[in-house]
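In what follows, subunit A forms one complex with subunit B and a second complex with subunit C.
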Partner chain A sequence: MSAAVLGALEFPPNKMENTQLVCIPGQRLCLADKEHISGCGTYERNGYIYSTLAGVVNVVKEERSSIIEVHSSKGQGIIPAPGDIVTAKVTIVTQKFCKCVIKCIGDTVLTRPYRAIVRKEDVCATEKDKVEIIKSFRPGDIILGRVLPLTEVHTYHLSTAENELGVVIAYSESGVAMVPVSWTEMQCPKTYVKEPRKVAKVVPETVTVD
Partner chain B sequence: MAPDNRRLQGPESTFSYTLYIPNNRTDHNVVEQISSDERRKDGRKLNEQRRIYVKTGVVSQAKGSAYIEQSNTKVVCSVFDPREIPRKSGYSVNGELYCEFKFAPFSCIQWRSHQPDAFEKECSLILRRSLEPAVCRHEFPNFQVDVYALVLENDGSALAAAITCAALALADASVPMYDLVVAATLGVHGDKKFMDPTVEEESLCNILPPDGRSRNHGIITAAFSPAHQQMSEFAQSGAMDIDCATSSIQLLREACESIYLLSQQCLLKGVTKMLKKKQKEIKLDLSSDRIAC
Partner chain C sequence: MEVNVGDVVLPGDVIQAPNTNDKGKLILGPGLCRHMDEVLITTSGVLRKKGRNVYWVDSHRKRYVPVKGDTVVGVVVNRSGDTFKVDIGSSEQASLSYLAFEGATKKNRPDVQIGDIVFAKLLEASRDLEPELVCVDSYGKKGKLGVLPEGGFIFTCSLNLIRKILNPKCQMLKILGSEIPYDIAVGMNGKLWLKTKSIKETIAIVNAILTAEHLQHHEIASLCDDVINALKGM
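After this line comes the complex of A and B, so read on.
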């Protein structure tokens, strides 16, 4: 593989371990054959794989082939793509859908928010007919959703039909952040009032070791 | 054009101060100096380019930006996040590139207005046509990426500098591109070809050569995409015969190859700087006992 990569710069220079290959748009990375497949951030032309971004080359090794990806040094991609997990804030809730504003894609905070919609059918995986939006989301909630394939111009469709997706942060009517008590309810720590929401099962990223 | 009501315009009947300074920059001086020792006014040979300085990541508010200096010509370019295309409701498979090329009011000898005039609008069009083939527009359908190029000081070949700068700014903004675009300018006056003309040489190339031997005159701005040996834009003003135009392509191509190396180095520097910064941040996170959940 390293012999096939032409003229790529290594980072950090002069360091044997953990070297990464840095590339720029239009840089030829390697031959495009059965063993090398172009992944995100690359394109194939004239039998070679070229990079489209200025960033780091990442090679994903599979059984018989390796996928060549380029990740931008500035973080994630520019617009939400189908399949991404995004963080959105709910703005309007109606009977059939709720409108929200996408604030982050994965870990990157966006400078420019994008509009999105969660339809009634996409809120929960089970019992799609009996779902009531008002019992799943309220305006001001922060939700995690997955981007569905684009159908409409300018508006993304999100789905929260998974255990890990749904409401992450919600504020009760008294303005205090609520604590999740079950799949469908959150409780306010001040007034002890329970409010219905479609709660997300958020797995903590790191576990504290005392 | 609508009158600009928000800014204070200067008094209406004004004349440029250059009309009153001693006239020591005539066309004859420029042509004479060349014929004597084959060197132009600033000491360059006919085929020599000016020294270039490029840097990315100069405008903090923009997603990506770049700054280029070609001796005295200074251009700064900023690129912003994709946003919804205003005034459009139909679905489009490809995204759009919105380019704006502007001379700052203080950049040229003659004061330029804040509103873009016809020449700037045409340059914006040329800028867009040269960048469009290099950008992967299918990656942001229904959105448009804004590119703003501002010339801070114009000493000739500002458009070519803007094209090179804009391509770097797009790459700095992580907009997926097929290749980096570089551009160069050639000024033709009679049988002389000035590579990378200064503003004086540009105004010379805009007029017919007085001796009448040849009617070739004009300025050619060409943009190249060297990775696939493609030319993305060829803009020519003035009048010249076909042989002159086609032989100019070869000269411009060679000039662009050298600019391409500089662009590449500049981008790589930007990427390594960003990676070093990230590494430092990771080290700081590991050293402090931070709980993430």
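After this line comes the complex of A and C, so read on.
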């Protein structure tokens, strides 16, 4: 198996046969040294590069080294990493935390959702003790959050403790999309009722000049 | 259809709002909602007005929706960690913390068992959150709240009957109490707890309260006299 990978490296590109090496998770691909670097879908252990996904091996040749990657046949390999800004939809709100579902990582829309939690202490940077989750998020809100270092197995922890993070889209009790009026309130355009939320300061990427 | 105060209204009707030269605020109670520049009715009932600017719809309801500040009668059904789960007849069970009793500390746990009846106040009640109860007021005093003594009888009635008997104009509880000694806890969730000396008196008072559903205030007074006479005659 590792010979096939090394073989793919040694053949010059125009004479290379179309050898598609299919691999399974845990399969040892090749030696990990200066010339072979593990890319996405692989990991390095005990001096060797192993695959993490079931898919096709792809070798990216650079000047002095080559990156070994594994691409899964279906779907994305992207997962939330600590520090990423993700877009999530709030599902359940309790006194101490709110559960949400990650829909996008950065600009990439995910094909499968990931579960996440925003704890009471991570909602706001200031006055962490006085924060009430019910006044920051409600079920159905779309929020921007930053992924915190992983602690639990199946859930990501998000933080909205920055000005640019928080609620982006929210619907009022009558089902209409609300308009932000301050950093802590949004207003429904039909019933004029103001509801408290932790509003995100969304900076527009493009500014049109008339 | 435009309606006036005192009419029987249906969802979709529009209120004839008072003139805009009043320059006051309109307070919309349950059953009313603002839609652009109109006030729409969302539940069926009788439109009422209090004072100059408070409007609401009196509707017949049996299902309780938790409202912050209401005092309710609930049954303890579960205990998990630091909280009790209490059934108050709403869509979700309410949570009652161990520390929300008078004189309760982490070492001094309150004596509450599963199956006990509690008379508590709703601290937090929202559409999206689990209701939270407390058995102590903001000063830390128990008052009338807390676990109710044994030997009582719980029954349910509609929510508007609860509001009717708690109305200061209604003399029912006073008239009954002048002849029959009893203890009662009236919960805004439609549940009442009653304790008297004998089963006959309990049944008499329960029947009197349930019959008062469709009676006017003056008819209620004569109903109470009838009940008391019947009890004495037995």
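By our rule, the second predicted complex is superposed on the first by the 133 of 210 C-alpha atoms of A that agree within 3 Å, B and C clash if a C-alpha of one lies under 4 Å from a C-alpha of the other, contacts with A are read in each partner's own complex, and residues count from 1 in each chain.
FYI, a contact is a pair of C-beta atoms (placed from the backbone, for glycine too) under 8 Å apart; a residue touches a chain by one contact, two chains touch by 3 or more.
Everything numeric in this text was worked out from a predicted model, so none of it was measured.
Student: After the superposition on A, what does A:T94 contact: first (subunit B), second (subunit C), both or neither?
Tutor: second
Student: Taking the superposition as given, does A:S72 touch the first partner, subunit B, the second, subunit C, both, or neither?
Tutor: first
Student: Could you look at A:T126 and tell me whether it touches subunit B, subunit C, both or neither (first, second, both, neither)?
Tutor: In the superposed model, A:T126 contacts neither subunit B nor subunit C.
Student: Where does A:S174 make contact in the superposed view: on subunit B (first), on subunit C (second), on both, or on neither?
Tutor: second
Student: Between subunit B (first) and subunit C (second), which, if any, makes contact with A:H154: first, second, both or neither?
Tutor: After superposing on A, A:H154 lies in contact with subunit B but is clear of subunit C.
Student: Do subunit B and subunit C land on any of the same subunit A residues, and which?
Tutor: The overlap between the subunit B and subunit C interfaces on subunit A is empty, containing no residue.
Student: In their complex, what parts of subunit B are in touch with subunit A?
Tutor: 63-64, 80-84, 88-91, 134, 136, 139-143, 171-180, 225-228, 264, 267-268, 270-272, 274-276, 278-279, 291-293
Student: Tell me, which parts of subunit A touch subunit C in their complex?
Tutor: 93-95, 134, 138-139, 173-174, 190-193
Student: For subunit A, which residues are in contact with subunit B within the complex?
Tutor: It comes out as residues 9, 11-12, 20, 22, 24-28, 41, 43, 45-46, 50, 52-56, 72-75, 77-79, 110-112, 150, 153-154, 204-206, 208.
Student: Taking the touch rule as given, give the residues of subunit C at its contact with subunit A in the complex, in rising order.
Tutor: Per the touch definition, subunit C meets subunit A at residues 33-36, 124, 126-130, 132.
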